[in-house]
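Can you keep this structure in mind? I'll have questions shortly.
By letter and in written order, the chains are A, B and C; residue numbering begins at 1 in each of them.
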Amino acid sequence: MGSYIQSTKAQQQEMLQKIGCKSIEELFSNVPSDVALTRPLNIPEGMSEVEVMQYMQDMADENTVFKTVLRGAGAYRHYIPAIVKSVVTKEEFVTAYTPYQAEMSQGILQSIFEYQTMICSLTGMDVSNASVYDGASAAAEAVAMCRERKRAKAFVSACSNPDVIETIKTYCSGNGMSVELIPEKDGVTDLEALKSMLCDDLACVYIAQPNYYGIFENLEEASEITHSIGAKLIAGCNPIALSIIKTPFEAGADIAVGEGQPLGMPLSFGGPYLGFMAATNAMMRKLPGRIVGETVDHDGRRAYVLTLQAREQHIRREKASSNICSNQAHCALTAAVYMSAMGADGMKEVATQSMSKAHYLKSKLESIGFESVYDKPFFHEFVTTGGKMGAKKALEALEKNGILGGLLLDDDKILWCATEVVTKKEIDKAVAVLEEVGK
Amino acid sequence: MNIPSELKFTRSHEWLKDLGNGTFEIGISDFAQHELGDLVFVNLPQEGDAITADEPFADVESVKAVSDIYSPVSATVTEINEEVLDAPESINSNAYEAWFVRVENVTETAELLSAEEYEAFLNEEA
Amino acid sequence: MKLIFERSVEGRNLTLLPKCDVETAALPEGLARTSALNLPEVGECDISRHYTELAKGAHGVNDGFYPLGSCTMKYNPKVNEQAAALPGFADIHPLQSVETVQGALKSLVLAEELFGEITGMDNVSFQPAAGAHGEFTGIMLIKAYHESRGDSKRTKIIVPDSAHGTNPASANMAGYTIVSIPSNEEGCVDLEKLKAAVGDDTAGLMLTNPNTVGVFDKNILEITKIVHDAGGLNYYDGANLNAVMGVARPGDMGFDVVHLNLHKTFSTPHGGGGPGSGAVGCKSILTPFLPLPRAIRNGDKYELLTKNETSFGRVKEFYGNYLVVIKALTYVLTLGAEGIREAAQIAVLNANYMMNGLKDAYEMAYPGFCMHEFVMTLEGMKKEYGVSAMDVAKSLIDHGIHPPTMYFPLIVHEALMIEPTETESKETLDEAIEALCAIASEAKSNPEAVISAPHTTPISRPDEVGAARNPKLRYEF
């Protein structure tokens, strides 16, 4: 069996003697006999490193790693530069705790400060926190931020990622806010419907840009409508798209949130990912979670600290509006290194290439009978019908050929995605496979 | 210890000042600001809010703590002091200038102490 | 240290992507970004050196002893990282068909079985991303349970005053009113106070056992029974499970729901503040309400349960911090039944050894044997020499040791909470004892030196008041 205990049996005896104890069991004398476990745990015996690695490898081998991925829907395969992997595996970053001790944590604190700055650049917003669990919980936390005494209602676009909608609903069922969906019309949020839904107790509106179907929303108009009755607009953003499209700040959003996974994190079967949150100055004190600020030390040198902590659970306890304690610091670091490696031009190139490949994929699919469902400008995702053979059969055919096709939506629809890592050759191959099956 | 004689005090260390015409100012005592340490933020109610005697109506933050501020009266808030919002350190530098809110329509009053009584209370507590 | 933005030189970059091999798509009119995108313009060598410098300004478990009470900073085994990096785990899409992710579903089912057995629970969800997220999930399970029975009068959650701040905050997020009950002089639950607090409005109790002062509450069965008899459920905060895993199980103590911190007890790294994993285990009465989707076994195949009317909902995208679960699973498989128990035993031995070594130099808040951690009170030292818990903690940094948890639990004044964990050697513990004793005598002979610590770090104590009064939260270009 494996073990990470370093003291030898002889040392353990010596330690017991020093304490004045005959056996280790004596130290557990407070555990009453009627709750103590009298049998060994019913789990397998331990393994050597070789055995455990083989075991895990075997399990990993039961999964299919697709060479070509044409599926997104909230998780995107982008290229991860070598420098990103090299930096984030540095053990000081990996094995450090939360930087509460500023004197010995300047490296972690500065990396978060740099991350916050980059998120502000990307979103155009004034302030960013040190990150939260993921895009869905970021959206839910943002909704909770907007709650005021007389405003406890949230409107969420039906064109949002379903996981985001469900997470918002869960958080709201806890804190007592009510959630209503703004209906979809032709693949985008129905803003006329939003107008008719407006009410005095509306706290906020959540709209994704681009939305779940990859389509660009009219965020500026949504902002005007939302602000007309004093509610807040939350924009759910794709961080890659942000490098080329109008920022949520320019569009009038009060809070920008999103899933940061595309910024250098592997698909990882859904996690760990990164929830980013940024807001206007006016909302700063309502931002949940950790925030790093710049200050000086007693000798006047520049220094970084966790700040505005009085908002947080460890001080405010039951009066805190969020219980969040950790952030995804290591994922935030990953995102910061990714953005540094890409730079502004690289980020724009990733965005443009992803968008271009998706447009190419769509035109090729259309040419073999996969009809576009919504005829609207889109980023790197779009919806088609299932073509001649039907969506299910089409996706199965691709899967057999080592291609992860789009995601099957209801009613024989497919949500496709392409990123910069997909080559023209791969797209042509996928289309050829579909054409063959459709014959 | 600075305890102005024209003010009334609570046992939870707030002060109440009569401005005449039924208007009152509320703040925290010099003793309170000293105990709380360097204040970094203040949460105030909004104009028009009703506040209740002996119940929290605001809170103040230091770096490592949050403390409720209790109202000496039941009344309606007519004005909040933007200055303490912008510069909470003004409470530390002059607790009796740095009022939190002005109120009207006082319908109920908590048990209030005169300056001498408050001083005696502080000595007792020490 | 320069910020990465201060290393930026216009026109410098990396060459990463090939030329686009399809026609370039254009954004629709009026949608293009007009504001500048300020990101650093740096080369790969700049990045490498910048982050190497930042890494030198960080302190991890790999850099030295980390006796942070309540945080279980044990060694993070490297084989866990290696397993989680396998492409078969790291490069699979969360929405692949179940046929193509049988291994992933199997790992989740296996982890559910193992962690269920360790905690004495029937089912486990890995969706929560951290301990606090797990607490929220657990309390939502309790809420869903009462609501399913039409029992709407239960609006209160009881939390001892020694609890972690997340407990009351989590219960509040779930819409509950918090009833705080004072601890007795041993730091344990005061049975009379608990009896007085429960009633037909009690939804549940949140408890850490061993508690936050490092004592196992020997009345635990009576405590959980009092709550059950009142119709409430018992929530186990798994922050301190490292003391008792393999020795006693929350499920046998009368708890109905538990969260685990895989990043504490099960050795996954903290990453500078996350990602963690807050797996939630529950008894079968709560299983119908668990978040979805859940991996389940069906014969020799694995499936995803995606629909269930009774589930309270979802707390996160997909299935949680999956790779963290893989790391924890690797750890449990490595240690096995005996190793798990031994880890708890040595964690407790190490804590008692340190406590014993420090009892002459420091006042223990709760003398006697401790579990995996203990709390010292420096109230006397502060009164006599003006040296606070913070000062001693900062002074430890000069000895290359990360400070213990300070000023927690709130019920102990000038508290320092020490948790050595099982992975530290006797030599490391001896060095730490020696360092702490040296600081205690310096506090008497030369208090000024302790008060002004640390002296060996890149910065001295930062101005936290200034940081909070005038927040500067990003670099200005």
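Just so it is clear, a contact is a pair of C-beta atoms (placed from the backbone, for glycine too) under 8 Å apart; a residue touches a chain by one contact, two chains touch by 3 or more.
None of these values were measured; they are calculated from a predicted model.
K.L.:
Taking each chain's centre as the mean of its C-alpha atoms, which one lies nearest the mean of all protein C-alpha atoms here?
P.N.:
C
K.L.:
Going by average Cα coordinates, which chain is farthest removed from subunit B?
P.N.:
With centres defined by C-alpha atoms, farthest from subunit B sits A.
K.L.:
For subunit A versus subunit C, what separation do you get between their C-alpha means, in angstrom?
P.N.:
From the centre of subunit A to the centre of subunit C is 20 Å.
K.L.:
So how far apart, in whole Å, are subunit A and subunit B when each is placed at the average of its C-alpha atoms?
P.N.:
Whole-Å distance between the two chain centres: 44.
K.L.:
Approximately how many whole Å separate the CA-defined centres of subunit B and subunit C?
P.N.:
The answer is 38 Å.
K.L.:
On subunit B, where are the residues touching two or more other chains?
P.N.:
In subunit B, the residues touching two or more other chains are 40-41, 61-64.
K.L.:
Do you know which subunit C residues sit against two or more other chains?
P.N.:
In subunit C, residues 464, 468 touch at least two other chains, as defined above.
K.L.:
Where in subunit A do residues touch two or more of the other chains?
P.N.:
Within subunit A, the residues that touch at least two other chains are 308-310, 315-316, 319.
K.L.:
Could you list, by residue number, the parts of subunit C that touch subunit B in their complex?
P.N.:
So the residues of subunit C touching subunit B come out as 407, 464-465, 468-469.
K.L.:
Under the definition above, what is the set of subunit B residues touching subunit A in their complex?
P.N.:
40-41, 61-66
K.L.:
What part of subunit A is in contact with subunit B in the complex they form?
P.N.:
285, 308-310, 315-316, 319
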